[in-house]
């Protein structure tokens, strides 16, 4: 079926925000304790990541190795999702990768600087899941965490779980 | 054209397998199962190969007396195996390749169905129809 | 003004899959959290509403549409500008009520339901109910822009066909129906994959 | 030739084939002892040269293979060693004869032969012979090895001479044409002078020389010869031999590249019994082992680059050779063996894909009709080779085929054991283990369809082996691990056959050890039924042990004094997670509730399902249940009796389903919900059972403050009536009942209750203690119901409707006047009460009698039990005081209390007050009676809001005060009416405290010292129903008391204004 490949980003951003606040709203009403909200967001991201990677890698050549995959995440994946590349990828070659995005899309609507730092986690959980899901579907088990020192810059740390 | 089409999970268990005629389905189970040896071998070989050789289509896995077994591996390490009647000479490699592409697209949609849990058996009607179409059109 | 708006929309295009999949994940998560579909529908509508009230700001800012003079104009804006801008599709407007205070929007292919195959145990789930919420929220906000009599209206979603194959009847089901009544209610029926 | 040697590998081309055979009667073990020793001599460094000779020993060799000896010399038997027993000299000649006969078989190809004679002594043995060796016995033959070495020396000499003789082709004399058996006929009458023919001869000879060089340890020379042969043969399209030449080239190159050999360990395993470890040994080139990789062959150093094929070429040449072989169907074996050799090489080169292609090809080479034995051998070797190249699934597949072959219908006596053994070997190939634990965690992974098939085959094979226990174990495993993949029909079938097997041999929890040493773990049916949650249940409330306060205190003090000690915190954490906060009691039945469901499409019968426990001796009382098909969650209660005390842990449950006994350990159940599995068992306590004289009550009183009523009894009493309740206390436990405390509390009574509701004397009961098990004690409780006797509004109505004015009565000694109320309308008043036929004003009182008892060891540990008896009393109205008033008596210190007494019962009753004669009231009759009472002082007004603080609103407070007053008065007046129901032989008493209104009270008390307006006004307002005369007199009193009162204002009986008279 022919369908326009493009949607408007605003809608996604609003949806994402609403997902976050919606979940927390529900948690306050006792539906599911607060702590699990992050997990839920992460899980949603995970599932989306799985689906996206399946689509995005549909026509790419097979990956050579782990690093090859990480590069794909930083370039193609990130660009399709957040319309920019990861600004900096670092690794210790022992299965830890640090992806830095100096202007992370999901934080840009929040006022820059430090004042809203404590809210940051819930706006990053989904993306952590996104990365973890993508990697896991490419056969890489990992733990993905995020840290923000000053909005809207953001670091994602990927720890590969060797099996 | 295809007599058996199977989707095999990362962990090498079948997510979907369909064959015609259905009565000796088990036979195809064995055919596909053993073909995984070749798939694994090809993938591991693939790793070393150059980028341009790293395509998802694995080509002919092995021929048996009456069948040809072809393979395809997605980047998510999900395998598609297609068994074709070797009498069917009409099938060119390119046609097989494009059939796999179709299969892959359809599978991708399955993966994107929010109600499908990755790793579960595939019950999608859409996918089923796609497979049927591939098995029906006789050359 | 228009130039700027144009650029605005250009730069804001993104892969629709992300949106579609994210929405899917949300719906399934809600299905896990709430036992019955009705609650999920409610939740979706609620979230949609919250999105709508914010979305309208963005909409008015970017699409420099002026004040609508009558309800038909509103309908056109919703279909031709809003849907185009945000979902990249243009629903067709039909079923105008004689009073001209009610019409239907038909989404030929609703990007939300790409890939979706509803399991049988969710018969009463209105998958795209978020859209109703969004319209509801948005329209409620812009009442001020309309003359009170015409503003707002009931958003009613009818059988949006979730069937994945392109099929003839998909377009025969109005998805969104807007009319001038002042209560907000939703309902949707889907042809289930059997 | 037709018998392929699947074990052959490239390096075998360099070996000399020596056959070792027994003649006459030679005990097998003796033969093989010698054979082993001989085989150890597998390579010889030839004297004064660095060449090495390799020997391949066989004890069987089909002569027809020997005929291919010219084609590939390593197929030629060049040496024969005969081993024989010969005890006496006279047997010697024919023994020697046998030796010669044996030689005939391989005669044409033999270079040399030896005879080893065992057991012969004497002069025959003395004569020195080169070809015969005599040994007194198999134990005294030290020189065997030496002999063999000599023998090989001699073989070498022959070989060398042949090589030299053939290598140097003297030009002129014609070279014989070597050919393979099936060629012979083709060449008859062929022009032997044609160049073509000559070339062919040369080519074949070169190839042959190449073989000889290779055998003679001259690798490089052999390469040269092979190359030349290839040239020659190619030019004449002599494909079969070209193939051979190419293969020779490959063999030589392989030997050069892979000194370690290509046979690998697998070479040791040989399908035919002939194989022996020694052969693995003779695959090794000492050049490689001894002088670390430097080839012993000097010619190697010279131009190793040229002639020798590179690894890739080897494979190409093999391919080519095989393609040529394949042209000749008679060369099938050669082709097959070539494939196998190539595969072994590729396996070493780690080229699995090509290897698989060669194997694929080998699979389709069909030789002449193979025997079943050969087929099996062929499939298992294919399997082995696939395994070698890492194609585990393919390997498993062929092994399985081999297994099936063992029991092919064509075979006379099927080898089920062999079949079973082979099937077991396929398990890893199908990523299947026979340990259910590998499946219990998480979901099943693997190729279910093929796994199931394999399990079915294992079941069948083990059954045919006549090992039912084994088939039961496999079938159980199938059912347990593949449940999700079985169709409903399959589920039925599997369980059906399982039941058949178990009928002969029930499934157990023991390990089954197979002869192969494999141990099959037990398979508990944790999915039949599936257990979702396990919940330890508390004892029923009446049996729950309670800790006595004092001892509870001790418990606390027992805890560590360091409140914040992390250890304690830790312990607490553990307790919370594991231990449960209630206790079980030794000797009492304890319950554990499981929520289970049946995944089967049919009814599931679970026999003797019971608990598995540790910590406390526990008598489990197994249950049998049958769950409907695909049942939803189903509660099952497993019970048992702890036999001693301590902490008991429920680790699981045992079942018997389809004749299979399972011990299901909770820890192994995924997704199981539990409230903890460890609970404390406290010492035994007595058990009290109570029965009463009263009927059990239908009413269940709602337990206030959580205490549950085990039994409740009910009784109907008339207001004011008293009755005795006799309670039988029986000790139905096993421990003496030593202690008993009884308490009562009235629940949800809206009614104002006068007097003590329940009263008893515990002493009488306690005197019967301690109560031995089975003994009964009695306990009496007096029930006394005394509610308000004041009349109800509607009754008042009735009276006033009658228009009976009681005013204006003559002041005289007490008298009665009969009033005739409307009996009909009064009693039943539908609007008043819900229950039809019930008396309109029936009130209920409910109380709970609480028996706190203990005894036995439990008591010693400070535990007691609580049993409570609910008491439901329906109080029917007896008499009402429809109206109360007073009349002054002759003395001001006394007065008459006028009571309109109304009998609301259906029975006649007698009312008797002190020093009054009885008054008989018929049902529904109302009469007035006057009783003379002493007035009293009211100085001590009982009104202490302090204790009634809880009464929020003043109205309630007021009521309370009234009531208190009433009591006070009652005591002051010391006045009560006895009610006797002659017809019912019941009696009670009525009192007035509730009914005395303010005015009456005024009158009952002695005139106070000072009289204030307020009080006056009260009098005035209340005295509405007093007659004028009384008022006047009253007024006079007033005047006497305080002069300056202008007027008394009488609202009711006609106002009269009294002016203050001046006089």
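Chains here go by letter, A, B, C and D, matching the order in which they are written, and residues are numbered from 1 within each.
The criterion applied here is as follows: contacts are C-beta pairs under 8 Å (C-beta built on N, C-alpha and C of every residue); 3 or more make two chains touch, one makes a residue touch a chain.
Computed from a predicted structure; not experimentally measured.
The pair of chains sharing the greatest count of C-beta contacts is A-C. The mean-CA centres of chain B and chain C are about 39 angstrom from one another, to the nearest whole unit. Centre-to-centre separation between chain A and chain B, using Cα means, comes to 31 Å. Once the centre of each chain is set as its mean CA position, chain A and chain C turn out to be 27 Å apart. Chain C and chain D have centres, each the mean of its CA atoms, that are 50 Å apart. Counting only residues that touch two or more partner chains, chain A has 47, 51, 55.
Each of the following residues of chain B touches two or more other chains: 112, 114.
Across the assembly, chain D contributes no residue in contact with two or more other chains.
Pairwise chain contacts in this structure: A-B, A-C, B-C, B-D.
Only residues 10, 43, 46-47, 51-52, 54-56, 73-77, 104-105, 107-108, 111-112, 114, 118 of chain B touch chain A when the two sit together in their complex. Interface residues of chain C facing chain A in the complex, by the touch rule stated above, are 9, 12-26, 28-29, 33-34, 43, 46-47, 50-51, 54-55, 58, 85-89, 109, 111, 114, 130, 165-166.
Put simply, chain A touches chain B in their complex at residues 47, 50-51, 53-55, 57-58, 60-65, 137-139. Residue ranges on chain A touching chain C, taken from their complex, read 1-12, 14-16, 18-19, 21-22, 26, 31-32, 40, 43-45, 47-48, 51-52, 55, 80-81, 83, 126. For chain B in complex with chain D, the touching residues are 11-14, 17, 25-26, 29-30, 33-34, 36-38, 41-42, 45, 62-63, 65.
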